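Order of writing sets the chain letters: A, B and C. Residues in each chain are counted from 1.
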Amino acid sequence: MNETQDTAIALDHVSKSFGKKQVLRDVSFSVARGEAICVLGRSGTGKSVTLKLMIALLKPDAGRISIDEDDITQLERKELSRVRRKMGFLFQSAALFDSLTLHDNLALPLRRLTDKSKQEIEVIIDHVLGQVGLADDKGKMPVELSGGMQKRAGLARALVFEPQILLIDEPSSGLDRITASEIDDLLLEQKTKHHTTMVIVTHDVHCARRVGDRFAVLDQGRLAALGTPQELEHHENETVRMLVGES
Amino acid sequence: MWNRNITIGIFVVAGTALFTLAIFLIGNQHTAFARHIELYTEFANVDGLAKGSKVSVAGFDSGEVTDIAVPNSPSSRFRLKLRIEQRVRGLVRTDSMVTIATEGVVGDKFLLIHQGSATAPEAAPSSTLPSTEPIDMADLLEKSTGLLNSASGTMKTVADKLNGTLDAVTTTVDNANDLVVGLKQGKGTIGMLLRDETTATNVRQAVVNAKQATTSLNHASGQADALVSDLQSRGLGQRADQTMSNVQSAARNLDATSQQLHQTLTTALGPDEQGVDAAGNIQESLSNLNQATGNMAEDTEALKHEFFFRGFFKHRGYYSLATLDPTTYRTDKLFTNTGNPRAGSRRRNSSSERRMEAKFYLRRERHRSIERSPSLAMRRSKALW
Amino acid sequence: MTLFGLKVIANVFRFPFELDQIWSQMGEVGARSLPLVAASGLALGVVMTLHTRSTLVTFGASSMIPELQSLSFFVEIGPLVAALLVSGRVGASIGAVLANMRATEQIDAIEALSIDSFKFLVVPRVVACVLVMPLLTTFMDFCGLLGGFVSEYAMSHLSLQLYVTRAFTGVEWSNFIPPTLKTAVFGFIIGTVSSFFGYSTNEGAEGIGRAATSSVVVSSLLIILADVILVKIIFLVFPESAI
């Protein structure tokens, strides 16, 4: 296996700014297939932006971003759509469509992007919701769900296409420890069962240590460190040590 | 989900239905959906009708003008295509007259198809109905002007006749004058006859008649004046006609009067059947002669000063009895002339006739100015209604 | 915003047509605005008749009340008031909903699911507004007539049939169809303006309120301006519709 086949995501000298504010400066790292990378960093250091760049919700000002072998910064909408089908995105706020029931939230992408029959869609939805433990709640509207349930529902929606890559933004934010660890369990299960490549943006080192193989630490828009938790515990940068160290 | 779909469905269906209903109701007003037949009619003057103007059959709204074909020469007329509802077809017969009417006082123009007669067949689709041109104000005015002109012409004739009569009267008076002079000199059978009281009375009567004739002449002229102003103020054809016939009959009366006058004088001057008997009485009546002559002279004098004749006498010149010398009178070239020049054509240009003509000329001018000024004409025609 | 509007037009005819979305937005924009529009129409109808009545009775022209009522509703009141009401209700809602979706990353989520969020969220809303406005206007017109009739019936016991006959006497198709269809343009304005403010806000929760307010203010203003132009165009194209 050569390196390109092994790399799922590659960021190559990526910079991004909003107006005058430079959010990312010349960030380069890659994620291997089946690997789970946790992106750590202080608030406002561009973690979420990095994640959104990876699925082309934002376009970088400079640099390349490759998913498998496709440079997604250069892709046409149709091609991009093909690439995105391989990816799942769990948003910080779950971002369930609040005008649709849980079932329809999951059914929408299946109906629109596949030509699966109604029965097939039902099977998939039941399966995915079963995975996240929400099989009984598919008729509910998003507002009727608790925060943890919403997160799980969001994860379920990210999983309907059985993605090779999962991008996860703050899985445990706003959740109590127990609920957060339930989410972590789900992520671990994905990783071990389906060998899904994962990029997890989080503040929660506890979660990061459970799920992540490697950590990428962002500080002031730059990649401050990249390595296993053990390596980074002794990193020269104090901020890195503080972020990685178990509180 | 299902409930919402039903709600949306009802909303969309009801909205569309209402929209259609509105279209239908509006269309119904224009009878767009009823069954129609098409008819034609022609007008030289469409009087402001336009495409879409209402068509009413016997007062019942039942269609509209769908097309107006403009003629390409003045000799042809506008051809109007009408669309009327099938159900009023029974009322529209081949002799149904089409007119242009106005809705209310200031309303739209519309076409009115009158009911035809029951005996005429129903008008076939695409047939052309007869039409009556709208009454045009300008036309009406033109007509009344023509009428006034003809009245004016008639007046002129009347004036001529009046003049003729006047001349006759003048002749008569002249004759009477001659007679009187002859009598004063005691000459001829006529003088002898005039000695007779009856004849004198006749002559006097004749003079009175002449006076009456003059009065009625004045009256007739006054009447003519009134007639003309009446014509101007009303302008109604029929009345004008009637007035004209009045004028004519007045003129006829005048003729009759003057004829009577002539006759009377002829009787008085011509040979009398009873001349012989009268001659017998002449001597007895001689004492009365001077008195009669005096009366006659006074009458004549009065005639000379009477306002109507005054001008005439003045113009012609006359003998004043106060200053008359018989020799001068007899040798006067007027008197000695064999063809009596005083009854000649020269008299026709008397001042009174000229005055008369001037009067009518003025009137004619006034009519013309009415014709010329449309606004005045309009005001006048409005005042008429 | 102009670019945004052009993008809407360009996207309307591109596959997929999002018929489901259009349908459900028609419910959102149309069916749910109906009570507001109908109630306003009824009330306005009553008020209009009360006003015109007092004036027309002075001239002995009370038989013209239905005609005046229908003409004023068909030609201007129905289209304009309906559009302003909808811009208030729907414009605010579209602005707020889209701004909220933006703030809660729902729009990103849609994009992440490989769905064209513009086509999925904006176009159906605009199309629904365009389709629904003429329908709502028609409802408004009829409710106005109904209100007028009720008011007139209370005053003079005019029969419904006579009222309807008189109401439609002086009305031409050109007095009804073009003014009603012009509201499609108003619908386009409402949909586009409020989608623009909702879709392109990026200020989180605070931006939601601002998007809603801007949507209503700008779309109302644009509707009135557009009305001036549209009325002029209608008079130009249908000279007979000028009363």
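The rule we apply is simple: a contact is a pair of C-beta atoms (placed from the backbone, for glycine too) under 8 Å apart; a residue touches a chain by one contact, two chains touch by 3 or more.
A quick map from chain label to UniProt name: C = Phospholipid/cholesterol/gamma-HCH transport system permease protein.
Everything numeric here is computed off the predicted structure, so don't read it as measured data.
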- Note on the structure: Among line, ring, star, complete and other, the chain contact graph is line
- Message: If I rank B-C and A-C by number of C-beta contact pairs, which comes first?
- Response: B-C
- Using the average of all C-alpha atoms in each chain as its centre, how far is it in Å between subunit A and subunit B? 112
- Once you find the CA centre of subunit B and the CA centre of subunit C, what distance in Å lies between them? 70
- Task: Take the average of all CA coordinates in subunit A, do the same for subunit C, and state the distance between these two points in whole angstrom.
- Result: 43
- Query: Any idea which subunit B residues touch subunit C in the complex?
  - Reply: 4-5, 7-8, 10-12, 14-16, 18-19, 22-23, 25-30, 52
- Message: Taking the touch rule as given, give the residues of subunit C at its contact with subunit B in the complex, in rising order.
- Response: 23-24, 26-27, 30-31, 34, 74, 132, 134-136, 138-139, 141-142, 164, 168-169, 171-173, 175-177, 180, 240
- Quick one: in the complex, what on subunit A touches subunit C? 52, 55, 57, 77, 80-81, 84-85, 87, 89, 91-93, 95-99, 108-109, 112-113, 154, 157
- Please give the residue numbers of subunit C that touch subunit A in the complex, ascending. 16, 97, 100-101, 104-106, 108-116
